[in-house]
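Two complexes are shown next, each including chain A; its partner changes from chain B in the first to chain C in the second.
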Partner chain A sequence: MSLKLVIRRLLFLVLVIWAASTIVFFIPRLSSRNALRERFGELARTGGFSPADLEKIIASMNRQFGLDRPLYEQYWTYLGNILHLDFGYSLYRYPTTVTELIAQSLPWTLGLLLVTTILSFIIGNLLGAVAAWPRAPHWLRAFATPFILLTGVPPVIMGILLLFFIGFRLKWLPLGGAYSVGVVPTWTWTFFFDLMRHQILPGLALILGSVGGWVLSMRGMGVTIQGEDYVNFAEHKGLTGGRIFRDYYLRNAMLPQVTGLALALGTMVTSAIIVEGLFGLPGIGTMLNLAIRANDFPTIYGIVLFITIAVAVLMTIVEFIYPLLDPRVRSS
Partner chain B sequence: MNTILVQDPARPVEAVRLRAVGDGGPILRVNNLEVTYYTDSGRAKALDDVSFTLNSGEKLGMVGESGSGKSTLALAMMRMIKAPGRIEGGSVVVGGGDLMTLDAESMRKARLSRIAYIPQGAMNSLNPVTRIGAQMVDAVKSHLPREGRAAIEARCKRALQSVDLDPGVYRMYAHELSGGMKQRVCIAIGILLDPHVIIADEPTSALDVVTQRQVMETIDNVQKAINAAVILIGHDMGLMAQFVDKVAVMYAGRLVEVSTVREMFTDPKHPYSQALISSLPSLGNKGVFQGIPGLAPSLLRLPSGCAFHPRCASAMPHCTTIRPEPQVLPGGRRVTCHLYDGEA
Partner chain C sequence: MSTVALSPPILKQVERPSRFVLFLRYLRRNKGLAFGVLILLGLVAFTVIGLMTVDLKQAYPLSVAAKKPPSWKYPFGTDFFGRNLLAAMVVGMWQTAFIGVFAGGLGTLIGVVLGFISAYFGKWIDGTIRTVCQILTPIPVLLIQVVIAGSLDKRDVTIVTMALIVVLLAWMGPTLVIRSQVLTMKERQFVAVAKLSGVSDLGIIFKEILPCLLPFIAAAFVAQVFSAVFAAFYLAVLGLGPLREPLLGNIIWAAQSQGAFFNGWWWWPIIPSIAMILILGSLALINMGLDELANPRVRRSE
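Entry: the complex of A and B
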């Protein structure tokens, strides 16, 4: 890949992040609600201070958050802050910063999301590849069908079904939370296993819901590739079935799937947000849920923007990996 | 078995680097090979009782219309007929052993090392995502697992050089090569393990005429160097005439005539061969070319008796009812036609 192309891609990444941050800045301002007024109004009702004091407090808070300045000034400050990943203070959990909130919840989401995305990508593509491979045993090829059917089930429904049957009825696995109540997170095996037990159901909900998509697209691709001349010629060369499958068939059928992975990252984040809420995991999704309910817009910005940047960066990385997989892209 | 052994007097014996083939008899004997495709609309006999032999160093041109069974023959010899097709019977004896009796793993090892197939490689026969070298190395490695890395690489580069390619092609990708170069790479892969028999399936289609000639000369040269028997499949009678020793004509899954090139062009025996030859343009013969009337028959609904009789100018009453059997004429030519019933 030429340097020019790398620079162009990086510029495009910056453009995407700018566009996303601008949209994220202006959308919550269109709402007529005021987070400060709601938060302190609540305090005023319970705390018993006068409406005049309330107005004073809100005015001073507005000054402190810069909300009294013109919108374009706020926008500039905001863009400047984003450059060093400073998303400001959470209104709802003041004085915690949004960056701190993200840092707290990120490992939970990242762990769940990375593991499930990678697992479902690998499982789905292998199953799909096998399903389209004429020399694979029939029972193995038939294995793909149930997963394709599961694609129609949204992750929420899948999560609820898993919770009901495996968690509630069979009581095999816990119903929610990141780890058992009363357990203190430590670097021990006991804690690790407790943690894993809580991750199985949400992970399963995400994997079962997304694996079928990979199976379906990979099988479609595989049907085309298995009839290609170079796969036939590989057999004429007397190669073993395994080598033809891996180096000639899978290697080529994988190419569009890698692009698909970049596209799927966004969807996976959305699913994770919903599933986290369902299973009560303290990840980014749950955090975003709370922030939306509290109209805590610095936190909303922060999280949405963070997710956008993360997905855009991951997509750019995938785009840089692609030429390593396909030499034809490298030279053009 | 009906076999014919035609020696080419034009080939000087010294040019042939002899290899141990036993008694010097035929290196390839195909006997009564039959292939049927079981389709939803019925059974189609794509190869019907096909027999022929080839000596080391001999080149056979296989011609016939599309659907006459040329490519099916190539695939059957490689034992690569896929469902719904099935090899129903016959034998393919290469250098003493019958390929049809081998188990799957032995057959895998026989491919490329005993019988090699050169595809129409100009378009799509090379893996687009790995280097040419890697595709040659894995071919060698799957047959000679104990050969060292350096020896394999040297062998591959030798093969590239023998098809007049720069050894640098070893490091290149398929999309960096021209159509002619890709075809040469396929030839180089075909000769990597010095096979006894090389089948080249329309190696020059999709190439321009100059490149066609170069590719044919390349096949000619490497074939001489390893003294393999070559089966050249194609439609181009003119190109064939310049390179092969014998011509076999296929029609509706049967071999209707096998003759030397000279005999085929000067005195074709089978009416279908005659029609093929008279349809060729030549410098002396200006005017209207004679096409062959009618269409190639569907294998699902073959005419009774001789499959060619509805299109045949010399058809006799019993051609419509009695199927002709292959017969060897005096002089060794082989024809499947009732016209020569008394002559065998």
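Entry: the complex of A and C
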């Protein structure tokens, strides 16, 4: 990869982040809603201070947050803050910053997301490759079909079905939460197993909801690669089936799938967030759910922006890894 | 020589059957497409018959006895807020169809127009449109939609605004698809011939290129309907939909916030989930089938 290409990719990354930040900055300002007024109006109703005090509080808050300055100045400060991941304060839990809230919940989401994405990518691609491989046993090839039929089912609905059958009817696994009620988090095996038991259903929902897409695209790739000269060549060399499958067929079919992984990241993250909300896991998804319910706008915007930046950065990283996998791209 | 010339009656015999019959025969080969169309027709029939026979007032809260499991009187049961889920399904299905067709149609239309402008006129126009599409594509659309829907006043959130929110960031896909198709079409000989014979730009676009692109536009439309339904569903599941309406995602959101499974009201989230699976599943099957129809390389012949 030439230096010029690296710089171009990085510039593109900056452009994407800038575009997302600008959209998130201007959309709320176009709306008639005023987050501070709503929040403090609510407090005024319950806390019983007068409308005059309310105006004073809002005025002082506007000054503190710099909302009384001209728009371009606000925008400029905002862009500067984004650069060091400062998304401001949460309205609902005021002294806590949005960055702190994200940092608290990120490990949960990251763990779930990482495990499910890797598993679904590996399982889906293997199944898809086998489904298109003419020498594979028939029953193994037929195994892929039910997964393809699952492509239309969103992970959150998969989660509801799993909750119904496995959690509600069979009572094998818990209906939600990160760990059992009344259990105190400790570094013990019993707690670890309890934790894992609560992660199985959300994880399964995410894997089953996304694996079909990989099966489908990999099967398509596999069909086109079968006719390639190098696969014929390997066969005429008398290599064993397993060797051809692994080194000639799978390796080449995998390459476009890596690009697919980069493109699918955004969808994976959004699915994970919504499934987390469904199961009440303490990750970013539940944080977003609570923020939406509480009209905590800075937290909503902060989470959205953080995820957008994270996805854009990850996509760029995958693009940088790509030449390491494909020598043809490296040399050109 | 006389054997080669065909008499008119024989010509009539080898005439191809009508397009409709051909389509039906094609459906027999393309099982996925046939299955998808069948489910979709079933859903349409359910909605239309339901809209005519069911009391639609029962789709809204406090209209029937609450928390009743499925029975003869309420085939899908009733929810915590006193909605008859059968009526709610009928209305929710109709609203989902509206969002899908409206947002999907508008998104495809914008995509076709921008794609044509971009590919046909080229130069800086093409550069601008392409760059904008490329910058917006990596941004997770749903999250931006969350920001938009969240910024709206709750009273302004209706089925129509939902559809508009979905369209706002969903035209990039069709734009890029149509653009690349027009680019390859532009180089074909028949377009060059039309140009040399003095056909105007608009004439070439509408009479020469557009008809060839119809399968791609149809496929893009179905894909757009799919993603519009998907996006509106996700927004509603997050509680950002019009909360009073029985939109399928709203019902799931309500069931989730009342802890439906913990309380044993299993039918409440399950019924809208199954409806959603049928809608999205049929659209996905049709989408895959149309891909095959539009891409002659994998198309199954008789």
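The rule is short, and it goes like this: the second predicted complex is superposed on the first by the 329 of 332 C-alpha atoms of A that agree within 3 Å, B and C clash if a C-alpha of one lies under 4 Å from a C-alpha of the other, contacts with A are read in each partner's own complex, and residues count from 1 in each chain.
In this text, a residue touches a chain if its C-beta (ideal position, glycine included) is under 8 Å from a C-beta of that chain, and two chains touch if they have at least 3 such contacts.
The model shown is predicted, which means the values in this text are computed figures rather than measured ones.
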*Given the superposition on chain A, are chain B and chain C in a clash or a fit?*
fit
*Counting only touches as set out at the top, which of chain B and chain C does A:Phe193 meet: first, second, both, neither?*
neither
*Which partner does A:Tyr230 contact after superposing on A: first (chain B), second (chain C), both, neither?*
first
_Touch test for A:Arg328: chain B only (first), chain C only (second), both, or neither?_
first
*May I ask you to decide whether A:Trp76 touches chain B, chain C, both, or neither, giving the answer as first, second, both or neither?*
neither
*For A:Asn252, is the partner it touches chain B (first), chain C (second), both, or none of the two (neither)?*
first
*asked:* Looking at A:Leu30, would you say it contacts chain B, chain C, both, or neither? Reply first, second, both or neither.
replied: second
_So in the superposed three-chain picture, is A:Gly238 touching just chain B, just chain C, both, or none of them (first/second/both/neither)?_
first
*In the overlay, answer first, second, both or neither for which of chain B and chain C A:Pro134 touches.*
first
*Is A:Trp172 contacted by the first partner chain B, the second partner chain C, both or neither?*
neither
*On chain A, which partner touches more residues: chain B or chain C?*
C
_Minimum C-alpha spacing, chains overlaid - chain B and chain C, in Å_ = 12
_Overlapping contact positions on chain A, where the chain C interface meets the chain B interface_ = none
*Complex interface listing, chain A residues touching chain B*: 134, 228-230, 232-240, 243, 247-248, 251-252, 255, 325-328, 331
_Residue ranges of chain A touching chain C (in the complex, touch as defined)_ = 12, 15-16, 19-20, 23-24, 27-28, 30-33, 149, 151-154, 156-157, 160-161, 163-164, 167-168, 175-176, 216, 266-267, 269-270, 274, 277-278, 288-289, 292-293, 297, 300-301, 304, 307-308, 311-312, 315
*asked:* So in the complex, the part of chain C that touches chain A is made up of which residues?
replied: 134-136, 138-144, 146-148, 150-153, 230, 233-234, 237-240, 252, 256, 261-262, 266, 269-270, 273, 276-277, 280-285, 288
_chain B to chain A touching residues, read off their complex_ = 78, 80, 82-83, 108-113, 116-117, 119-121, 123-130, 134, 138-139, 142-143, 173, 175-176, 186, 189
